[in-house]
């Protein structure tokens, strides 16, 4: 298939590698072009503008950091909207706001193009091992066309609903579920450490009980304070949390745990953890217990 | 081995069945003697007092509901302390306070007996399938003697520390980790439902991502509101939460998520859910979003 | 003095009355012109655009509902920025975001005009009785020129700082202090009512202790559920709360009580209280206690 | 009147001074007898046991620190219950649990004695100036007999209800209202300080708006960090908070602000503020904002 991929951060690079290995014709774009080199070496073509990347492809995938970055490559005379052929698909892999997903759906439809949201669950190493869980939002027929690409990238796809923003809401809620685990681990490790017991043993216990490698992974990062290099930064985590709180406000839904996570994230940022791994949100509970 | 088992609630009955099937000589005691019948039918001997049950056994296991119940069968002229032979072991499987665990350790030591705490993680059906995770607290030599029994009951044992109360603190923290998942699910399902999306699909997604059957089990109970019959009641869940908050206060450790869970539990109780499954704590987030 | 007043809601009407009674020449503007009639009857001149109102005045006061409304009368070819003479002052009385206050300071300065923020504390009846507390943010020399107007409107002025946004932050924090009292009253009244005691007596006690008529006023509104007509709506209260949380995020400051108030406000909105008095946020604590 | 006063802490000493100046015959008791000297110098008689102090008086007032202290002087062969004449009144001024108030009511009634709860609102300097607000719980006829004493001690009395514990619940809720103000001030001062503005000016503003000397007093203590010597310690504040949370649990009432205050108190204790003034609970919000 003729594909485009825009945004070559940690996740984008891995996704691009999978697409190339599966035999697709891939055009890539990144604001800092140098980051494209590994993919170009594997056969990708480098475009100089988003519009150029999107032209002549069936599906343009975007994997950028936030709403602002996605707007910047989608809108304007050199944006995806301007370049994408009619009937082609813009598949947004980024974690963006419900609001922007709605806007993009309308903007693409107005030009006879299709927009779907396909946010992904998993960290870069999961992407490399094709273990990502894909969340899909959009019309059934469009998702159907996307199916081979989804199978190339992830281990399974869950369809959230018929509107693209449905997938974005599911993604924000999934990140929230993880953040709740991080806060719970932070508090439990605080009380365990205050009792002079071993937090690593506690992580073992809980991971065994839940039967979840995710628990073991996050729990151990927290115990060992392996916050650098970050899988995803705390600042980014706060951004996602804010997108969920905004969506929840619009839906008149109080989310007290999401509020608590927000406050613990801000406390961790004020303590200097903004640019390291977001699991550092668990340090707030420990500082508040007088632990360093 | 010659064993005693005191307390034949949902968990006790399952534990007793495992012990008998493994070929142990088992004496049982329960305040309401009629509940012992299934075990007697399988070969257990019925004692008429806790002291009588404990006499002449190597290990007396207790599986009761709370501190008060454990005190009532341990203390006094007809209690375990009075009946247990020197060098024998009292292994407490119940979820009790850190304070009581400390008291029991001292009381048994003063009589030349041993006390260890072995609280268990898992619901009654996990007990039946020998999938319980056992948490052990106590002296290494005593735990060693207990090993065959632990292997009979559960799938694995995690040693929390050398004092019995270490295991009780780990158990309370484990229940807290679960309660955090329930609250997170409650809030996520609230916002998902307000967006007219399917909460069961969200449970699928999150369970798939975490790779955890526990998530799937709890999540589906919540979506389907299968709160009766209860695995463990909300009132019991609030009791455990209170024991953790008490321990955390003593250790000068704030636990804001545990506080939030407490408040959501109380709200669910005030709404009439006290005697049904504790997963009903997740209804509070949904009521606060205006959902029934 | 030659003054303009734009925005004739509940507060604006009262402010306009005071300015006219003090002998000022007043030009007024309101999107819905009919609301200006009472002031026109007292001698005010009615302008047909914001620019027209601002032209030829020394001080233009604005008293509108939110950021969007203030932007709409300030920007554009018919806005205040376009009409206000050089050296004249735009005094913003509205509760707006810290961000907009900064933007307005820059925009007016770029045109040789002055901007100051003068948000007010008090409800419409306090405005009528000249008991408002004025919060001032801006350059000392500009505030000096404004002094006669401030004395006409309120009972006292507190200078928050030299930048206009300083006053807006103080105002948002003041509203937050009130919201904290409402939440505390909501919870206390819940437990008092569950104990079958009289919440009105409790309000008496607390008001007497604090020596505060504000406590008595808010407390009694809550006990008697006099939520209509609203002094300020819950939706507006949530807007202000959101502006504070935004400012606090920018300043990396967790505000857990502000987060709690947000969640209780959302719960009250979901229960149908969006358009009534914001003291109704106290109903959430009572609903969660099972009280109607 | 013939009175006894047991418990001569900061509040007791002031209360005793007022009673003597009003011409009452006063017998005093304190565990550490030396603390009684100032009152003995003013004419009080010193008793060597609680029973002896209570014998031959019409009203025995108790002003001790907590449940345990009140039990220790009330129960046993040398306690108030043993010494107090029939028909005489035990008036408990201390901040105690709802549960203990109920027990004392029953215990005194069983001996033909009367028990009423009269907890007081105000700090020691308010006691000295007779500005305390008294909260009364008990039978009308008994409170009537107590009236002259109440007028001697405080500036006004609010009757909470006909059971002694009603007054204790009102007292715990009043302390909670104050704790909410401390937390709100803590958070507001945090954001104000992060914005490089003056927290003392903010205290001025809010105190002026609420018209409350209590706000000014507490707000300034917090800004100036005058935490020693304590009016009431943080450890004592946490004790009172715990008594309210216990009562609220029994009444199935979630109190999320009380939970938040608890957590901020624990964080302040973990940071070393246990034995200084309880206004130091406001330091938690500031530490979490990265302020020292």
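Per-chain numbering from 1; labels A, B, C and D assigned in written order.
Going forward, a residue touches a chain if its C-beta (ideal position, glycine included) is under 8 Å from a C-beta of that chain, and two chains touch if they have at least 3 such contacts.
The structure displayed is predicted, hence computed values, not measured ones.
Counting C-beta pairs in contact across A-B and across A-C shows that the higher total falls to A-B. In this entry, chain A maps onto chain D through a rotation of 180 degrees when their C-alpha atoms are superposed, rounded to the nearest 5. Rounded to a whole number, the gap between the C-alpha centres of chain A and chain D is 53 angstrom.
Chain A and chain B have Cα centroids separated by 37 Å.
Mean C-alpha position of chain A lies 39 Å from that of chain C. Along chain C, residues 248, 252-256, 260, 263-264, 266-267, 270, 288-290 each make contact with two or more other chains. Those residues of chain A lying in contact with chain C across their complex are 238, 242, 248-249, 252-256, 259-260, 262-264, 266-267, 269-270. Every residue of chain D that touches chain C in the complex is listed here, in rising order: 121-122, 133, 135, 156, 158-161, 166, 169-170, 173-174, 176-177, 180-181, 183-185, 187-188, 190-192, 194-195, 197-198, 201-202, 204-206, 208-215, 244, 247-248, 251-258, 260, 264, 285, 288-290. Touching chain B in their complex are the following residues of chain C: 256, 263, 266-267, 270-272, 284, 287-290.
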